[in-house]
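Down below is the structure, laid out as structure tokens.
Read from first to last, the chains carry the letters A, B and C; within each, the first residue is number 1.
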Amino acid sequence: MASWFARLNGPQTLGNGRGFWLGFVAVLLLLVVLPFFADEYLVNNIGYFFIWVFMAMGLSLLWGYTGILSFGQTAFFGIAGYTYGVITLNYGAAYGLTFAALLLAVALAALVAWIIGYFMFYGGIRDVFVGIVTLSITLVLETFMAQTAGPEWVIGTARLNGFNGMSGMPPLTIPWPGEDEIFLEGRYLFWFLVALVVLLYLALRMLVNSRFGNVMVAIRENPSRVEMLGYDIRRYQLIVFVIGGALAGLSGVLYTTWGTYITPSAMGLTAAALPIVWTAAGGRKDITATLVATVFLVWLSQILAVKGSQYALVLMGLILLVAVMLAPDGFVVTLAKKIAQLKGRNTQPPSNRSETKLAESPPPP
Amino acid sequence: MTAILETKNLSKHFGGLHATNGIDLSIESGELRCLIGPNGAGKSTLFKLILGSYPPSSGEILFNGENITKLLPCRRIEKGISIKFQVPGIFEDLPVAQNLLIALQHRMSKPRSQTELERLMTLLDLQSARTKRAGDLSHGQKQWLEIGMAIALAPSLLLLDEPTAGMSPEETFKTGELVMQLNQQGMTVLVIEHDMAFVRQIAQKVTVLHFGKIFVEGSLQEIVNNEDVARIYLGKV
Amino acid sequence: MTELFAFLYQWGDAFTFLVLSAMGLAIIFGMMGVINLAHGEFIMCGAYVTVLTSRLNLPLPICMLCGALAAGIIGIILERLIIRHLYQRLFDSIVATWAISLIATQGTLIVAGPSIEGIKTPFGSFNMGGYSFSSYRVVLMAIAVVMLIALYLLFMKTRFGVRARATIQNPHMAKALGVDTGRVYSLTFGLGAALAGMAGALYAPTTTTVPTMGSAFIVQSFVTVVVGGANALVGTAPAAGILGVIQSLLASGFGQTTGQIGLLITVILVVRLLPAGLSGVLSRARNG
């Protein structure tokens, strides 16, 4: 138990101390009991914020930790969302099939990421060109899906429906003895999403603080040096790209089940910009900061979208611009560092304070 | 004694420029060889060819008798070659200790890499800087850190590209001591260097490159006394 | 014979579109290394200004020049305010242009609404062997060729061109020799933006003017720039020529989307086989 806990902390994440984890547990407990107090609308809404976290954390892994400029995470989001739609519209929701559809859809997104990633990294596409290729892919996918309005664009019984997108797919279901199935809706869906966020957040923290994570950040800092230490960096980049694709796919499926629809614009230029905004604003080099910023900014967008989504999007653009120009490390990370500095000044000299962050990981007791 | 590294007729052309032109170099196992020559002689190009940063226009590279001409850089490193670049190639944004760990972890388990880390830190005199951001080190310390990363791989052949550039005379001397110590422990070392004081301190055998070819090769004494070598440095040949 | 003409027309049309839409992006990328993700929005700006000025009953060519000029001026302003401060951080400068893109698209949506009434395509059409061809598109082909030549002359024969090329080759040396590199960057960015604006202006009569129209151009321009390589002057035209063949063949056989997918696959293959793009190959051939 203690050694597992030790693996969660390390040089690649902020918030390794007792205080952070106490706060983490407190927030988690609050979320777990929230459905008993709050009304259904609020619970549903917070669930909606969590849907986007996976795609953002994947981008943080790619762009922030490994230095891979992937501008087209929405491609995997869309692929998985459409796949979930096609499978469930064809085979229905019985016997927990929706979970199989979820897994299949995420697996397909990961597979596509593997193929694209293989061609890019083993083909020597680097730096800004990765950004161009990935962004082009998502834009072409959008154009492709937008022209599938005709009746010939049908898979099984599922029409792709062009610009209007697919709708009417069932939400996630759990098979239950004695009953047909339980729909994962309302508070159940909320708990499911909380569990998923926590699980993947912790898993990713372990990943980035592991030896693999050491190589990831090293590739970001100086790829040719990493190569000259004997690492096949293409393999590392490909693995991270596949993880990022799968996470974006997971967001895509959850989004599709949450609103029971998906449209081509989910893969468009505007949609593709949003994960960039969230990760850059929070602090792309830290997974916690990305998570916090994503939830906050999706919430903010939703409030502003009441007047029209364009107002929210202009604000997102401004936030991105200000973040890039004034807080390149991200607002959340900059803030966290300021707080750590203040605390460090009050308690102990700074040289000792960062000691624990440095070891590969504290030795198991 | 067998050759650990051999290049056969190794050439690299960039457009019309012959950066290296038919180099036949042979390094014996256990040697400490210095590679000197005026700017543009092809020294760094030769290193990059040995490492596989780019493919040669023609010729072959043998490492321990095995043809590695077509191998990926990382595969060559795994076979036992290691490099310290000319411009310090460290992970600027990461702490010093983590820089070394990344180099160490590739070939050893976690507990062993921790002991090895301590040994290297002491060897390189970086103990007091272990939590420092590598980018904040002094220039000389950066050079040492990268030498440390290079030797963390326990290579059988160590390539050093101007290891003392920008160092004070004291630092240069210490680096020389370190290189000789490594060589005495059995590591073959090939050094590109401009600083003749450093070359005199460490070299057993010296190869002079000029216009992409081997100009002359011999013991330190022979090279120092060779008037043609003095002349190419003055630009007369 | 007519079939041949029809194919040449289609190819020329694709070539023209690729050249015009990529030129501005290529100049900025070639000279500064920045991928300008707001490229589509400069195109949109050119189209909007053209449409709006044409309502003042100005002659169409004047309106189009206004469109290009407006985009160019906005480009210079944005370079001064934003891009200039990010030269040391290439990736961040690209992300910043994306932010500008987002603000511009959505801001236009707020200010000007979801679409504005466009202008009619001038010159009508001509017939040949049962096919009908748009005369305006033939005019565009000629304009694309003229612009390519003009650009080449600008960079090879004028003082600005010499300074710009010196700045890309070696900014520090250029600065030491008294070139105001900041000014060069600023003008280059402005020129790239103006060329994008020109593309929007020229295509304004053939498309609907909507805030998101830029994204219809952006994939093609990316693809052309990647295939063309870093040297925009040498690479753009041959890249557009080859990609034009691919796109027109696929599009006539299987539809526009297949044409786009074909371009995308080509680009991945090109990067795999010729990492430096066509201009890399061409300059290597020239050096022997």
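Definition applied: a contact is a pair of C-beta atoms (placed from the backbone, for glycine too) under 8 Å apart; a residue touches a chain by one contact, two chains touch by 3 or more.
All figures in this text were calculated on a predicted structure; none of them were measured in a lab.
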{"item": "Geometric centre: closest chain by C-alpha means", "value": "A"}
{"item": "Chain of greatest Cα-centre distance to chain B", "value": "C"}
{"item": "Intercentroid distance (Cα basis), chain B paired with chain A, Å", "value": "42"}
{"item": "Centroid spacing, where centroids are CA-atom means, of chain B and chain C in whole angstrom", "value": "46"}
{"item": "Chain A and chain C, separation of their C-alpha mean positions in angstrom", "value": "33"}
{"item": "Residues of chain A whose C-beta touches two or more other chains", "value": "none"}
{"item": "Chain A residues touching chain C - in the complex, by the definition given at the top", "value": "69, 71, 119-120, 123-125, 127-129, 131-133, 135-137, 139-140, 143-144, 147, 268-270, 273, 276-277, 280, 308, 310-311, 313-314, 316-318, 320-321, 324-325, 328"}
{"item": "Residue ranges of chain B in contact with chain A within the complex", "value": "51, 53, 72-75, 77-78, 82-83, 85, 89-95, 97-98, 101-103, 105-107, 110-111, 113-114, 130-131, 149, 153"}
{"item": "Residue numbers on chain A that touch chain B, as the complex places them", "value": "11, 211, 214-215, 217-218, 221-222, 224-233, 351, 354-355, 358-360, 363"}
{"item": "Chain A-facing residues of chain C, complex", "value": "33, 35, 37, 40, 82, 85-86, 89-92, 94-96, 98-103, 105-107, 109-110, 212, 215, 218-219, 222-223, 225-226, 255-257, 260-261, 264, 267-268, 271-272, 275"}
